[in-house]
Amino acid sequence: MSYRPEQAAAIRAMRSAAPYIRMYKGKVFIVKIGGAIFSNPQAVRSLVEQVAILHQVGIRVVLVHGGGPQLDEMQRSLGVEPTLIDGRRVTDEKTVELTVMVLNGLLNTQLLSLCRELGLDAVGISGLDGGLVRAHKRAPVKSTSGVLVDYGQVGDIEGVDPHVIRSLLDAGYMPIVSPLSADAEGNVLNINADTVAAHLGAALGAEKLLLCTGAAGIFEQLADPSTLVSYTDLAGLKRLEALGCFADGMLPKAGAIETAIKGGVRRVHVISFKSTDALLAEVFTNEGLGTLIVADIKVLSPAEQVVGAKKP
Amino acid sequence: MSYRPEQAAAIRAMRSAAPYIRMYKGKVFIVKIGGAIFSNPQAVRSLVEQVAILHQVGIRVVLVHGGGPQLDEMQRSLGVEPTLIDGRRVTDEKTVELTVMVLNGLLNTQLLSLCRELGLDAVGISGLDGGLVRAHKRAPVKSTSGVLVDYGQVGDIEGVDPHVIRSLLDAGYMPIVSPLSADAEGNVLNINADTVAAHLGAALGAEKLLLCTGAAGIFEQLADPSTLVSYTDLAGLKRLEALGCFADGMLPKAGAIETAIKGGVRRVHVISFKSTDALLAEVFTNEGLGTLIVADIKVLSPAEQVVGAKKP
Amino acid sequence: MSYRPEQAAAIRAMRSAAPYIRMYKGKVFIVKIGGAIFSNPQAVRSLVEQVAILHQVGIRVVLVHGGGPQLDEMQRSLGVEPTLIDGRRVTDEKTVELTVMVLNGLLNTQLLSLCRELGLDAVGISGLDGGLVRAHKRAPVKSTSGVLVDYGQVGDIEGVDPHVIRSLLDAGYMPIVSPLSADAEGNVLNINADTVAAHLGAALGAEKLLLCTGAAGIFEQLADPSTLVSYTDLAGLKRLEALGCFADGMLPKAGAIETAIKGGVRRVHVISFKSTDALLAEVFTNEGLGTLIVADIKVLSPAEQVVGAKKP
Amino acid sequence: MSYRPEQAAAIRAMRSAAPYIRMYKGKVFIVKIGGAIFSNPQAVRSLVEQVAILHQVGIRVVLVHGGGPQLDEMQRSLGVEPTLIDGRRVTDEKTVELTVMVLNGLLNTQLLSLCRELGLDAVGISGLDGGLVRAHKRAPVKSTSGVLVDYGQVGDIEGVDPHVIRSLLDAGYMPIVSPLSADAEGNVLNINADTVAAHLGAALGAEKLLLCTGAAGIFEQLADPSTLVSYTDLAGLKRLEALGCFADGMLPKAGAIETAIKGGVRRVHVISFKSTDALLAEVFTNEGLGTLIVADIKVLSPAEQVVGAKKP
Amino acid sequence: MSYRPEQAAAIRAMRSAAPYIRMYKGKVFIVKIGGAIFSNPQAVRSLVEQVAILHQVGIRVVLVHGGGPQLDEMQRSLGVEPTLIDGRRVTDEKTVELTVMVLNGLLNTQLLSLCRELGLDAVGISGLDGGLVRAHKRAPVKSTSGVLVDYGQVGDIEGVDPHVIRSLLDAGYMPIVSPLSADAEGNVLNINADTVAAHLGAALGAEKLLLCTGAAGIFEQLADPSTLVSYTDLAGLKRLEALGCFADGMLPKAGAIETAIKGGVRRVHVISFKSTDALLAEVFTNEGLGTLIVADIKVLSPAEQVVGAKKP
Amino acid sequence: MSYRPEQAAAIRAMRSAAPYIRMYKGKVFIVKIGGAIFSNPQAVRSLVEQVAILHQVGIRVVLVHGGGPQLDEMQRSLGVEPTLIDGRRVTDEKTVELTVMVLNGLLNTQLLSLCRELGLDAVGISGLDGGLVRAHKRAPVKSTSGVLVDYGQVGDIEGVDPHVIRSLLDAGYMPIVSPLSADAEGNVLNINADTVAAHLGAALGAEKLLLCTGAAGIFEQLADPSTLVSYTDLAGLKRLEALGCFADGMLPKAGAIETAIKGGVRRVHVISFKSTDALLAEVFTNEGLGTLIVADIKVLSPAEQVVGAKKP
């Protein structure tokens, strides 16, 4: 007897997925989604579905979300124009409250609702919870255009205490992290979500940091899709940065990638949330998408040799 | 030699507090604060300070907050008049989003900020997190005035899985619970905070449920402070309810008290957040405030006999 | 961009498999393979591959094997004709030693070799190890043809102590169980592998017992494939037995199924090891094969309602 | 409404005590009381009450007691005059038995009785129990007056195995330690209680060693209360020793303080058991009493910065 | 080659001891020694040596000691004649202090010294430690001679909390228990050591209670060694009691045996500490000594059938 | 009264055995038996009885067995003459299957049967189980006679993962290890049992490796019993090897001893399984048999000083 084609494919797939499941079981993956995804409900749902699958096969997933565009929109609906300098938001006192409502409230809860619907036990936190992220207000810094900028209620990370995340993972929950934190006096601070994700990855010894963006990866020339960088390392990253490949919103991303890799995260992926099933493809097939960044492209780890054919 | 008066008092106090610390160590206290308190920043700070002290001496405190007035205010600032029937909010689709922003975002984070400042490791959650509260949309019900009311996105609790709270308490964190939840399809539902607090108390086998309200307790005649009921039981509660003592916003409170007591919570206190240090007084002195409700006033438990002089 | 067809199928498959993984994670599956499979090396490899996948996604698999045909062959190669009565082997003193060599030695080790090759951490045991199966020599019994038969060194199970299996599963190993045991005096006893599998399933509270046979299931009329029974319950099993559907080698199987179901195993499957990927299909798709036996066909358990479309 | 003055003070006190409770929770405090205190039943009771409070707020207290005066008295009541040289007792064979009866029997049990009355779960042990203190008989030593003295059954400590104390603390008990021990042949040895307390402090990584004596601290000139040294370090201690500030019974104390500090105890306090509530004042207020000795007065630890105003 | 006779015997002995070790490993044995043994240092040493061996092969031994004769002697040396009525001591206020010194001090420490010498990690406690024995002063009772007797500071046991003993056993220590306790007000109470041993046995679910006395067991006629009762049960005990076999000091023993058996202790042995190696013989050979009492002589437990030849 | 001589000896023996039990409790002993023993059923039984006693007093025993002679015999009964070069078997493809049947099947099960009879909970494994022994096919090597030999399916050990053995020991089981393993492709490899035992000893940090052989130890001159080497070290071993004392089957033994000692095993004993009770004598008496090899004969460890009189 034979299976209907769909079933046969499902079965073949379990066979091909098995070695990856074995390789990644118990490893920490940080999945970071930018706010851009929230304007696309179907993309959000698809991403959470994928994350749920990773969680169910035993990967310790931590989901970090941003929310810039939603915040912009909220500000604009109240007649205020948001200010961004070098891809980082200027957060005055009035903006902080709104940031809290959008990030810790609206978006974090939206993800939790989806998890409830999908039967995934998730717990939403932010850098304020359980002393997760220690930060202080950023001192005014010179922008790339040479002006001294006071970003306002924006935080620079001093340290991460991952105990609350480990407690949740050990208890079987998937943490969903909003990137806000507070200083020691309790003043809420806005922190770039890429930066938070990178620090969490380092503190948790993550196997992978997956940055899900609106772009399909890092490009040598922004306007030219044919220049996608599919594989590079820290040295290459520096070279690309010097070439000006990290414009605007990408600038914090370059720093985050560096933070993660130097902190011991083995692989950072920049992938597009628009690519259907990009996460599953990245984890369960040998068809990697977007850009992969490792510490040093010349050093192959033993794990790379286990699942031979896999892209690098 | 002798101590300065303040120090001498501090020392005497530790002596008098010691038996209460011993009695309550490791017990669960649910502290519920209504939204009214948030209009009084000093009262919020004082309450969190008190809660921090309970947490530090080893009581397992769970803080549940409401947020009705803040939600009203937010709605009104957007030109919408909130609707409440029998003390419970009607939550249409537009209101839900606002509710999430105010409760899970603004207020929950405000409490976390304060905890950060006070050095208290707290984690903010809501009924959506970790499957804590299972609920479904309330079917239209007849109001006390006989009209059939569809409360909209308002939830009735089906059950509570306290695992996420236990995990957090065991890991040393104080949970701060926003009363929202969602149905199995992920639709966010607004639930009365008193009701959530009562169910959590029952599910966690709480020693005390402390309802901190704007009123000084339950009164036989609302307008007359001299009619404060200082001590009653379930039977008495029913009698007071029949007398109409639970007007408007107090109506859900009566149900919550009953839920808690029947669920096994040993003592429910209705106290005023306006009374300075009401929580500390309630726990560490024999000077109880407000109204205390027990299952049956005629039955004295063994614990009552340990600290003899204490109000019932 | 789009995936190559194979990758796309792999991804779709992970999506369709996810709810089954969630449903079965941590559950015990007893997979029993008869000796017939060993004459087909490709079938053995395929089966162990499937079992490895179940193990990797977190199902607690226990593999039980028989070895009748190999034993027959070995006996015949030494010039002895094996004796079977009512599907059960007569094991004289000379045969026991051979049985040990073939079952505990040759076949158990062959499965372990395959596991080594597939990177699956397995441990081979038999009913003799760690007090797993307590048995005594079977008293002479009347055969179906009315003759009193002394089956020789054949055991009847007195009890099962699953501690050794639980220890191995907890330590991350997949136990591979040969069906031999010994009496309290250490005399080795041959026990029907179906019977051992059924008793293990009951002792371990297994979710499924999968009997992989050479036949495609249970047939109302042995010669007629169109009479496959796809779904029945204990009452139906009795009726089929009365109809004479369990001829020869199938007779112990009927008893084993009954033992398992009465012992609390939720589902017993009779499937063919010749059907490609029969195990994966059974677990990860809604395309069940062979015969499924439950306690009572009229009672649907809650789990059945989770994954709706699945064959009962 | 307002509290009665006493209650108001109690509440204020809990507020002021809270940061200290947080700072010291889980830390080890060695409290050593000399035998002198036993002639003052009210002082003993007060001290045990204070120790009970420290225990109840989560400090891991180990109480070490001496018993010199009681032993003197007992000896004298039997017509024997005790011999002390350089503040250390000469213990002949007849004296040992009496020492056991007074220290391990009378005084240790007296403290246990009080704990029973106060509801404090304590366990009395000595250096003999569970291999706690390994010691050998002291070789004859030259006294300060130049004579070679055989102190008899007096022990010098070889090492401490704190496992029995940790087991008791972990099980929730407060150990009460009598300073006797025995050599490897089981000969009971009398050891100075200050010395035992100092070694326990070092072995347990104690936060504080509190030496409760009849004097109010260390004085530059013994006869002049105005010369109390309130704060010094190891270098200062040496200087004071050179000045002759440690006469008679204080001599072993100087050595014990040095042992403790060098062994890693962060702070040693010499306080008077006659000062009412000296322990509570030391722990819960910023009004330190007596003499505080640290390793190096110029180095401020991070903990010092947590509770700002506190004496050093 | 052959062994020297002594070695050959040692080896044979390990063979014969092995099944008993297997049978008793992890079981609780309460060994009670009366004060009489202390006048015989060699007997004490021999007994502790035997107890150490039981401890080393993995039996959980609790050693309980009395001390009547030593107390008598101490009293008499101070010119006071001790008073005993019906085998129980009258303990006036002056006597209590002496009792503490002799039991908790002298004798308990003597046993600890011996353990130190033998390398056995023991911890000495009494009923006062860790809330082990809850007791109250005995109300005046009518003696067997009909007089109303106030036994003074003598305790009746209300309950036993074996947590402190379990903590010590789990941490690898052998508890040595002095039979004193205190009431809730901390007044020390003298309790019969047989009674304490019996209650501990019941609270700990002991396998054996071994009462080591000066007599060789229970005799039908006290003066006649040939009337030794080697095996009886509760009914038999009652019959012997009615016959007057429990004179004076034996009277509390009869009650203790009954308490133990009714509390679930499987076997109570009355053996003589004068018989060399009585404990080892009782445990490791089939040559039981003295008197064995079980609940019901007609019921043989499964354990009895494991080591066949053993006396009952 | 007095004991019958046999009982008295048993008791004396327990006394003499006690310090050894204390010394070895919880330590790992690897006991290796060569195949020669299996031709002597009484010797096998005696050895397993001894091993059972070691297991029962708390030593963590791992039993490793060979099976060369049985394999020879089996081969010869099938008309094939086995080939051994330098004491190591040449294993062609046909031989492997037979090896599996004899070692993993016949002999391993025979030991398990005996354990079942003796009530010892044992679990039979081989180097294939649970990734215990990682090995690869030996490259052709020059024999001592200078010929290049391809030993066939013979393995060289790459590494040992003792997790499966630790899991079994922790769960209370005695592992019985057959020396077969497989390479990463699952090809079964025959490995010398002495070599396996040595590697296990090193990986488990064994206290003792006991090689039970047909010879009474190592002899300076093979034909002369008076030249037994009773005590030597690694340097001595090299010297003996140079002298040609390790002929034929003894050659792998010399390597195994070196592997074990260099891997950290404290003592290797070569003893004869023909000496009655050799194991018990070695462990429980000071009458060592055979040859003892340590790392360096001039260095006495602290443990040697605990049990003074014992042969080095």
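Labels for the chains are A, B, C, D, E and F, by order of writing; each one numbers its residues from 1.
Assume a residue touches a chain if its C-beta (ideal position, glycine included) is under 8 Å from a C-beta of that chain, and two chains touch if they have at least 3 such contacts.
Given the structure is predicted, the values throughout are model-derived calculations rather than measurements.
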| item | value |
| --- | --- |
| Same-interface partner of A-B, chosen from the options E-F, A-C or C-F, over half of the pairs matching | C-F |
| Approximate Å spacing (C-alpha centroids) for the pair chain A, chain F | 55 |
| Mean-CA-position distance for chain D and chain B (Å) | 45 |
| Residues of chain D engaged with two or more neighbouring chains | none |
| Topology of the chain contact graph, where touching chains are joined (line, ring, star, complete, other) | ring |
| Order in which chains appear around the ring, chain E first, chain F after it | E, F, C, A, B, D |
| Interface residues, chain E side, partner chain D - complex | 97, 100-106, 108-109, 112-118, 121-126, 128-131, 163-164, 167-168, 170-171, 173, 180, 182-188 |
| Touch list for chain F against partner chain E, complex | 1, 3-4, 6-7, 9-18, 21-22, 25, 49, 52-53, 56-58, 119, 216, 275, 277, 280-281, 284-285, 287, 289 |
